[in-house]
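Below you'll find the structure I mean.
First chain written, first letter: the chains are A, B and C, and each begins at residue 1.
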Amino acid sequence: MRIKTVLSVIVVSLIAAAPSIAAEKLRVAYVHVFDDAPVVVARDKGFFTAEGLDAQVTMFTSGPTLVKGLVTDQADIGVLGFTNAITWTAQGADLKIVGKVQEGYHSLVARNDRGIKSLKDLKGKSLASQAAGSTADIVLKGVVLKNAGLTEKDVQIMYTAPSTALASLRAGRVDSAFLFEPYDSIAKASAPVTEIYEVGKVWPFPCMVVIVPGKLIKERPDAVRKSLAALKRSMEFMKEKPAEAARVLAPAFMAEEGLAMEGKTIAPEEIMLQSLKTNIFDWRLSKADLKRMEELISVMKSLEILKTDVPLSSVVDLRWQNELERQKP
Amino acid sequence: MEISVSPPAGAGRRQKIVIDKLVQSFGPLKVIDRISMSVADGEFLAIVGPSGCGKSTLLRVLAGLIAPSAGRVRIDAKDVHGPDPRHNLVFQEHALYPWRTVYKNVALGLEIERQNPERIKNKVTGLLNLVGLESFADYYPHQLSGGMRQRAALARVLAVDPDVLLLDEPFGALDAMTRLTLQDELLRIYLHSGKTVILVTHDVEEALFLADRVIIMSTVPGRIREVIPVTEKRPRDRGSANLAALKRTVLGILGLEPVIGDVRVPDTNFSI
Amino acid sequence: MAERAGTAETVERPEGRGAVETRFVKVFPYAIAFLSILAGWQIAALIFPAYLIPAPRRVLVRVFQELGREAFLVTVGKSFLRLSVGFVLASVLGLTIGLVCGIWTFFRRTVRALVSILQSVPPIAWVPLFIILLGFGDAPIILVIIIAAFFPMTVSVMNAVEQVEPLHVDVARLLGADRMQLLVKVYAPEVIPAIVTGAQVGFGNAWRSLIAAEMVGGVNIGLGWFINFAGEIADMTAVLAGIFVIGFVSAILDGYFLERLKRRLLKWKYL
């Protein structure tokens, strides 16, 4: 029975794939966070296919994991935090940042019963954050805490998966958390927490960018253009039809039954819509973005994550972005 | 049938051990069926019989390791209740502790008695000399030969100076030559100490060479079949006509033909 | 005494040449193992770019640099603290429960069932749950170590108590031993080999779980965290330096300290 089902699925997908055999194969990698929602939308709404790409989309749990796939030729293109490109370039890997996807929207939420009203109150408190060394972590230590006059030694930072951070917040095992969407919205909806800081409002920076290995640029520059075009369409779609985008995104990021909360259930689409509202997706790396990136590189040096100088110009290649901009009506 | 067994008449010695209608069962299996006998103080008694006749069980009951199912077992006119260092048992397997040296093995009983170290040292050294292991005091059991291990086991029991020595086929696992040597040594120790000894063996010659009386048991359930007194003066000549005749008698009772040139214990006198 | 003279020849004592040979036999396999790892590594380093697999020389230099850094020593020290606390607690707990199981049959059956269910779960799988239950920090990691090291010790001791030679117990009883003396003079020495085995297996488990738990346990100090963090910031030299330290330290702890302890406790087996 099961074998039959599997077989029929294979047959059906083979038939479905038949017309696109001519399409160019591309291994697209993304991080399973809402920040990378445009990749999911591009896949599920067929924007990659529309650009003539046969995209094999693979999910990763974090940027630092994804980037290893890029440098070991297990993925052709990735959407992840930009600092990953910097750290690996510093070690001698050949990576280029070719476009933007999202501005870093990360909320700092704190439990209401811990007396945390502002960032300064975090001193001596515990804080859950995602992977150490990730872009979010660098911003947290080098920008958010620093601007509040704190260092990483003042706050007990716990690195853990966002879902664990969320559960710990609910259980009161951690005082605060640095969260991105949709965990941010879920936390606010399901735990006794208040947002005390939003980095995207205070210190906007380009977080999720498109990174490609130099090999792809050399061998298939057109594939880079096609995928950037697909992502651009995806982001435009999300802006124009947020409700439909939310429906597409719900199964990817939320449990089917939604969120049970004080007797009533919040539909997954509702949470997705909320997350879409609190995020800024943009396909252009602006001058201001590049400046922010320069700043973050010096932050990375001060945190000793970066030990050598990495000129930003050696990591960024905006020719396809410029090309897409020229096509603008 | 019940055979009452008493020490040889005219020995004039008091009864050390009295067994009265002893029955021993393990679940439905009756291993010993109403045995009655007594052993005189200082007597050397040997028990022979086929495998499964309850010889070993009898020794365990005497040692207090098993409580009798029925009947009474008395030593020095007192019922046996649990183990008592004064009535000690040497097992067929040497049962030395592999983690203790020969010296420490022999010292075990004295440690348990909480003797002072000085006394332990004197006593153990003396015993090691007695059994000829003085130069192997620091060896572990697995470094010794079978005969040496059995000597150590004997010394361990002698250390607590029991007045009843129960020996459960102590030389059963040894080769013929070693066995003869140890028989001689056991005899020497017995003659010096005046202890009461009960030796269980399946070696008829061994029994006849050592014992004052040989008890022959029948199998399942174990009963006493015959008692053979051995009156020949010690040390006995293993090749004497008298012992050879007794051996034929015993083997006859056991239902076995006397074998000429027995493979296991040659009927010859070894010069040692 | 013909027999005495005859057997004396078969008795050997390890000394002189034997001892030298033993040391050689002990050290040589380690050297071979170490060199083959080094060779494989060097070959891999030649094939892959340096940012993926740095050469052994570079990593060794880094190891010494790190060993001179206070922060690294603190991190290693923290791992050891967690390991020691977890391992010691697990061993004591495993030993106690193992002994109780050996004596009390009903308890033994229950614990056996429990072990067969729980042992199939990799200790590391508990991390997310423990974090939520105990909060972040050392507690969940130590609990994972306890789980990892507890089962081998319990099972090993439990089996050993069941298999105590009844003849050995009888001997002591016949010599007049009371319960306490039986425990000290028979049961304890009889179970020691199992304790050593349990400790060795448990230690391996504990060490692996420690590193794994530090990698995912939400802490920001410890060897596992050090490797994880280095991996996140593309510092493969530090990753390999951390792995080198882990391998080296556990080889020393297991191959030297535990082995010495074992030989000391089980001296009689090695003569």
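Convention: a residue touches a chain if its C-beta (ideal position, glycine included) is under 8 Å from a C-beta of that chain, and two chains touch if they have at least 3 such contacts.
Fair warning: this is a prediction, and the values are worked out from it, not measured in the lab.
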Where chain A and chain C overlap in contact partners, by chain label: none
Core chain by centroid distance, with centroids computed from Cα atoms only: C
Most distant chain from chain A by Cα centroid: B
For chain A paired with chain C, centre-to-centre distance based on mean C-alpha positions, whole Å: 41
Chain centre separation (chain A, chain B; CA means) in Å: 86
Rounded Å distance, chain B centre to chain C centre (Cα mean): 48
Residue ranges of chain A in contact with chain C within the complex: 62, 64, 67-68, 71-72, 84, 87-88, 90-93, 126, 128, 131-134, 152, 156-161, 163-164, 167-168, 171, 173-174, 305
Complex interface listing, chain C residues touching chain A: 49-52, 128, 131-137, 216-220, 225, 228-229, 231-236
Residues on chain B engaged by chain C in the complex (per definition of touch): 63-65, 83-85, 88-89, 91, 93, 95, 97-101, 108-109, 111-113, 132, 135-136, 139-140, 142-145, 147-148, 156-157, 160, 177-178, 181, 272
Residue ranges of chain C in contact with chain B within the complex: 1-4, 6-8, 10-13, 165, 167-168, 170-177, 181, 185-186, 189-190, 192, 266, 268-269, 271
